[in-house]
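Shared between the two complexes below is chain A, which has chain B as its partner in the first and chain C in the second.
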Partner chain A sequence: MMSSAPTAGVPEPKIPGAPPRKHKSVTGTRRTVAALFLLPALVLLGALVVYPIGYSVVRSFYDQSGDGFAGFDNYEALFTDDGIRTALKNNIIWVVFAPTIATALGLIFAVLTERVRWGTAFKLVVFMPMAISMLAAGIIFRLVYDQDPDKGIANAVWVGVHDTFAQSSAFPKAHPGRESPLEAAGGGAFVTKEPVRLGEPVALPLVGVAPDQMPGDAARAVAAKADPGKVTGTTWQDFTRGKGVGTLGAPDASELGYPGMRIEAVKDGRVVASTTAADDGTFTLPAAAEGAQLRLPADNFKEPYNGLDWLGPSLVTPAIIGSYIWMWAGFAMVLIAAGLAGVPRELLEAARVDGANEWQVFRRVTVPLLAPVLAVVTVTLMINVLKIFDLVFIIAPGSSQDDANVLALELYRKGFSEDQPGIASAIAVFLLLLVIPVMWFNVRRLRREVRR
Partner chain B sequence: MHSRSNTTSRTRTRRAARAAAAALAGALAFSLTACGGDDGDGGNETDGGANETASTVTLPKLNGETLEVAAVWTGPEQANFKKVLQEFEKRTGAKVTFVPAQDPIINFLGSKIAGGAPPDIAMLPQVGAIKQAVDKGWAKPVGAEAQEQLAKNYSQGWQDLGKVDGKQYGVYYKAANKSLIWYNTQVLENAGAEEPKTWDDLLTTAQTVYDSGVTPFSIGGADGWTLTDWFENVYLSQAGPEKYDQLAQHEIKWTDPSVTEALTTLAEIWGKKDYIAGGADGALQTEFPASVTQTFTGGDQPKAGMVFEGDFVQVNIAETDAEVGTDAKVFAFPAVGDTAPVVSGGDAAVILEDSKAAQALATFLASPDAATIQAELGGYLSPNKNVDPSAYPNAVQQEMAKSLVAAGDDFRFDMSDQAPQAFGGTPGKGEWKALQDFLKNPKDVKGTQEQLEADAAAAYGN
Partner chain C sequence: MTTQAVTKESGKAKASLGSRLAEGVSGGLVRVFLIVVGLFWLVPTIGLLLSSLRTPADMNESGWWTVFTEPAQLTFESYDKLLQNSDITDSLVNTILITVPATVLVVVIGSLAGYAFAWMEFPGRDWWFLAVVGLLVVPVQVALIPIAELFGNIGLFGSMLGVILFHVGFGLPFAVFLLRNFFAEIPRELLEAARLDGAGELRLFARVVMPLGGPAIASLGIFQFLWVWNDMLVALVFSDSGSQPITVALQTQVRQFGNNIDVLAPGAFISMVIPLAVFFAFQRQFVSGVMAGAVK
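Moving on, here comes the complex of A and B:
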């Protein structure tokens, strides 16, 4: 911009005096006129692109306040700061996986939709997420990945599948209350402290199951009757709503039994007898249980499966990449479909006539012919992915933002919430350096296209 | 939609998350005396400006003047504050524009000032921010009229919070009590539990609630500031105000035994998976607004029985069907050590462009007139002792306001708000992140302390 301005300004006054002599190109355009026409674009480019880039580069060599020259300190921080290193690592994961998976899916969709009757409708649906802003998509996926299976569809599906194979128990949070005859036996099971005797009814009180969550067939708990030839007892919820435990260790009027609670009699680590409790919580064990300890095994108390921790530290980056692919696979598909339309049918037909099967046609003819398009799509997505920010910023909850960090987000955090413009500028310059080879590749490719 | 409202209310609450108040118990007598004694002072002024409403402050005529006020408030909070500004316009004839700012406001102001167009007044939510603004030469001291109002209406502690090097820069307009635990009345009733007065009582109450089949606590761990507030309350009550001040200034290290003790105490609740709604992993993905709403929805079976945070929790309770005062009640954070903690926060008006109009607005904001207007609209507490408690719309707020005034100077300002932004106020960094990691792994007290100390040393630069 700086150099173009004088060339545009200086010769101007001379124009009326000596028109034909100076600066004429082959097409007859004077340089001044060319410069004049270029000026608006140059000014805009200069002010909006060149100057900010230049200033960022300069700023990246200054310290936090912008007064002192910091040399390469900011760049050193770039590679020593843990946060930035995580961001860098995540960016690499993003650049490797997101564009390739999105392109691969786009290719599959494009090839398949070409063959089906409702291909256009299908394409429309796949392309639709592109119409949504990144911000909105982020908000949608924040909900999709919600931990609570009642809210997040990802976990709803996951838990649904899981629960078809493994049932959860009826009393997940039940535990011994105060002064309980039971104690924890490890692994979530509970066991009586004392061995049981024939003819002495046992009380196995627990607390922690809300009345609304008791199984529907639970009946009022009753104290078991003594039976001289057997071990009898009751297991029940020893908690009365609004009154606490009521009578400690004995069933009160409104307390419910634990129907279906499994009870094992354990002698020297061996199970000698087992039973399940009736609706009113009573149970009977044979004489063999004499002198054994009663155990409530852990599967009575298994917690309901709560699904995957999608937005936890380990899964958050793949989860966000998933949402990115949801958005951009459509973009890849449309471009590849356009490329596919330009592939000469005869070549495919020829291959088929030669006896190639569909996979071979796809692998040996379609894909090589599409290679230039695939490269453009992948590279475009790479540039796009390098500057990914919004999805990560919105989807990752505060607690795992650190683990989901990417360079653009770190740039924002350093620049705007930590007030470290020097380091932020260094990150920006670094990002620019990362994008340049990819851009150079794309520009070169475009040039070649034009020449062809 | 969901997440957007989350971010707005996070911003709002971070804002609101600063102000002062006191133990709710035994506040009444004090505040009545305080109010009675000050009535006389307020009445003896004659108004120079327009006087449609009862006025206790003299404001100059400012026809044709324009002012810009920047604050991070959004939603109803912003709307209510604009009503206060309207009253100022009515009385003086000046034109006031509200400039919505982003968190952290000090960086927002930095770019405004670099651009040569700073707002005339900014509402700063942190003590540290006022000091930063003064150090950078942005803030201008308030004039005699505003100081007169401050002396008349504010306790010494609140005046001092607005001072830097003995000069008055900030006018505390809004306060928050961050030592409250809100509970679902139905849950505690069902469990037969009582409002606790001490930490041990709190553990008993929690156990009883747990025995009744409801998870005792809801923690919005996705937002780090809720966790720092937990820590601050425990630490202030256990280690005492002196240590609290030292730690806030980073004069003692985070590896200090007092921090060990506070974290160990905290782990008595955080360390029990069954005490926290969703377990630690669930809590870490729960944002603050959700942590409140899940406590007050679900009838007899809410996700949790109690939620800890400041008076601004009621804004989120209003989004549920629960009624503050009947379905949702509140008790003061129980005493861990000898006395119950009073952690507070607040927003101070700071003048950036000195002018007659800016001074007049600062004076107005220091007067009971301005505070009364916003108090009547709800969701707001004023540190101004001459605001009539009956101006607040409901009993819970009236009580919080009275206890705030009664606390006098006996409170401490939110510690993380006193710390540098990088340590005390950045998502996924510093204290926020360290305490989130601690919530996830409450056994690792030592590792947490080392992490805190390392981050603090970097942020404080010592």
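Moving on, here comes the complex of A and C:
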């Protein structure tokens, strides 16, 4: 974490009424002493921060080997190289969405925690991820986003929700065995070869569902009783372990029904009745099904829904932004909560007395009063996001790292694995140019204070 | 009853039973919402912890949440194995060997400079200070290539000292900024009194300024500590296999994520323990560091 930088002004605490002071040396220190105090800091800053800026600017105008002057070629590559363009596009997505969502969540959390007694505990939980490394957060979210719903919690929850609302298919790979009364009807459905008759129980045996894939509520299959006014039948797994089909076309002792199998009666291409099988595989259709063919529609046999490919090419950037928000919403929340503590309660009360509801108080009073804090938080996060590296490097799997690419990652690749220091330097200078407005703002704000 | 309370009361009187009911429901909704959000924030970390306490075989079988129904899966096996893996334990030691000096140096060098900027007089003082403040937002990425070359030339590339120096360099702008502002608020009389007792600049600094600067120094120290401990990028560039900290050592295992989960999950958790302990022990200083308008 925290490879970002400070900013932009949360106002420092000022002692009210303190007279403007001139920080003169207490007793005219000799300049050599001052120089000695400053020397270590200035030497290190000069060698490790200032010199590299100059070096990068110069280097960015030279070619790969560093011998030939390249003019603006390296900068041109920023906008022509496919890898860098993806990185640039992703950086824009990052800068637009990550800071605003984190700030918005921080604002919501800060306002709502004021209304519960355990607000401090909540804040601690949300703020905590700021203390851990982006590497650890990256590993945490690799686990969260694991594609397999039996490993990754994101897909486990997603599939759970999906299957609650969409019909889940229970019998992937089930198909008619030999001498079956069923035949393929196209699109994965199966249909009886002969029309069904009232009072003649129908057998719809299938094979091919792995024993551990059978639904837990499947019960012993039984032959359906004949009912003169209805069409009845059984659908079941016609397979006994070790014995094959056993009695072909009739349920044996250890064979299980297909609970929940959907069955449609089709006459002239139109569905005239439909039902689902009971736990023992039996089903009953009304008299209208007389003379129809029975169809087992394809959605009985679909592969189970496997969730989203979070770390695949199209979702990888939003997924990583999600993990960033997990880390940094707490930062926004804490700063905004501090700002909120400074909002005069009387103003909020006055608005309520005037008949404003909570939403209006929030929208018309709280948010405008907090605007400066919100701006500071957003700008700080923007600078931070501009340099995002670790999370992308760790969370994006090799196969989609090109799709998740960001400028800081591309700089690292160009500089240290592709041996393109010229282009890497141009990316560095580009990043520096983007933070210069904030640099200027910081200096200007402090100049006023220093001159007090 | 004060007039304000009266107005409030009469305002309330207008509120119907329905709106009060709505208020109660919305209070309940707020609570439910915050609990759900809290779970959202906790679950990923719990997932890591529980994953680190299962065998890789179990991890391949089922999700970590199954431990709630089958707690017998929990085992310290992965930790045992990890602590016998010298790559990991050495890198954990390296993390400490890098973080402690990088923190101490930033605090000492930053304090010296902060004091000079706050209380000494020399030509161009304010301009020098503003120049340092300007460096606050310089991205570390700008320095990676130039410093790699520089360290290569002077034999620091791959050494722990190189990593430490880099962290000190990029920690200093914030340190100087924070400490100068804090030291400047020290009452002049205190310094003058010490001066009259015959203290020289160095004694003044050590006996008066440093102790009074305690809170700011604590905030700075915690920030720098966490920043260096948690860093991966700087160490990835400047350290080698003998000097790499735990973040880099773990990073090399991420490429085969599925196969290395028994190293990655406990490794990541061990690397988090110290920062989390620091965070919980020094929340107040941490927050006031954040408040100083600066999160690095």
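Here, the second predicted complex is superposed on the first by the 260 of 452 C-alpha atoms of A that agree within 3 Å, B and C clash if a C-alpha of one lies under 4 Å from a C-alpha of the other, contacts with A are read in each partner's own complex, and residues count from 1 in each chain.
Keep this in mind: a contact is a pair of C-beta atoms (placed from the backbone, for glycine too) under 8 Å apart; a residue touches a chain by one contact, two chains touch by 3 or more.
Source: prediction; values computed, not measured.
In the superposition on chain A, no contact is made by A:V266 with either chain B or chain C.
Of the two partner chains, both chain B and chain C are touched by A:F416. In the superposed model, A:A319 makes contact with neither chain B nor chain C. Judged by the touch definition given at the top, the superposed model places A:D309 against chain B, while chain C stays out of reach. Looking at the shared chain after the overlay, A:P211 reaches chain B, while chain C stays out of its contact range.
When the shared chain is aligned, chain B comes close enough to touch A:S400, but chain C does not. Once the two complexes are overlaid on the shared chain, A:L143 sits against chain B and chain C alike. If you count the residues of chain A touched by chain B and by chain C, you find the higher number for C. In the overlay built on the shared chain, the residue A:G242 is in contact with chain B alone; chain C does not reach it. Shared contact residues of chain A, touching chain B in one structure and chain C in the other: 138-139, 142-143, 394, 397-398, 416. Contact residues of chain A toward chain B in the complex are 83, 138-139, 142-143, 146-148, 173, 175, 177, 207-213, 239-245, 306, 309, 311-312, 394, 397-402, 405, 413, 416-420.
Listed in rising order, the residues of chain A touching chain C in the complex are 1-12, 15, 21, 23-29, 31, 33-35, 37-38, 40-42, 44-45, 47-53, 55-56, 59, 109, 112-113, 115-116, 122, 124-126, 128-136, 138-144, 149-153, 156, 326, 331, 334-335, 338, 349, 352-353, 355, 358, 376, 380, 383-384, 386-387, 389-390, 393-394, 397-398, 408, 411-412, 415-416, 421, 424-425, 427-429, 431-432, 435, 438-439, 442-443, 446-447, 450-451. The residues of chain C lying in touch with chain A in their complex are 4, 7-8, 11, 26-27, 30-31, 33-34, 37-38, 41-45, 47-48, 51, 59, 61-65, 109-110, 112-113, 115-123, 126, 128-130, 132-150, 165-166, 168-170, 172-174, 176-177, 181, 184-185, 188, 191-192, 195, 201, 204-205, 223, 226-227, 229-234, 236-237, 247, 250-251, 254-255, 257, 261, 264-265, 268-269, 271-272, 275-276, 278-279, 283, 286-287, 290-296. Only residues 1-4, 103-104, 106-107, 110, 189-193, 208, 210-214, 221-224, 274, 278, 281-282, 284-285, 287, 300-301, 421-422, 425-429, 432-433, 436 of chain B touch chain A when the two sit together in their complex.
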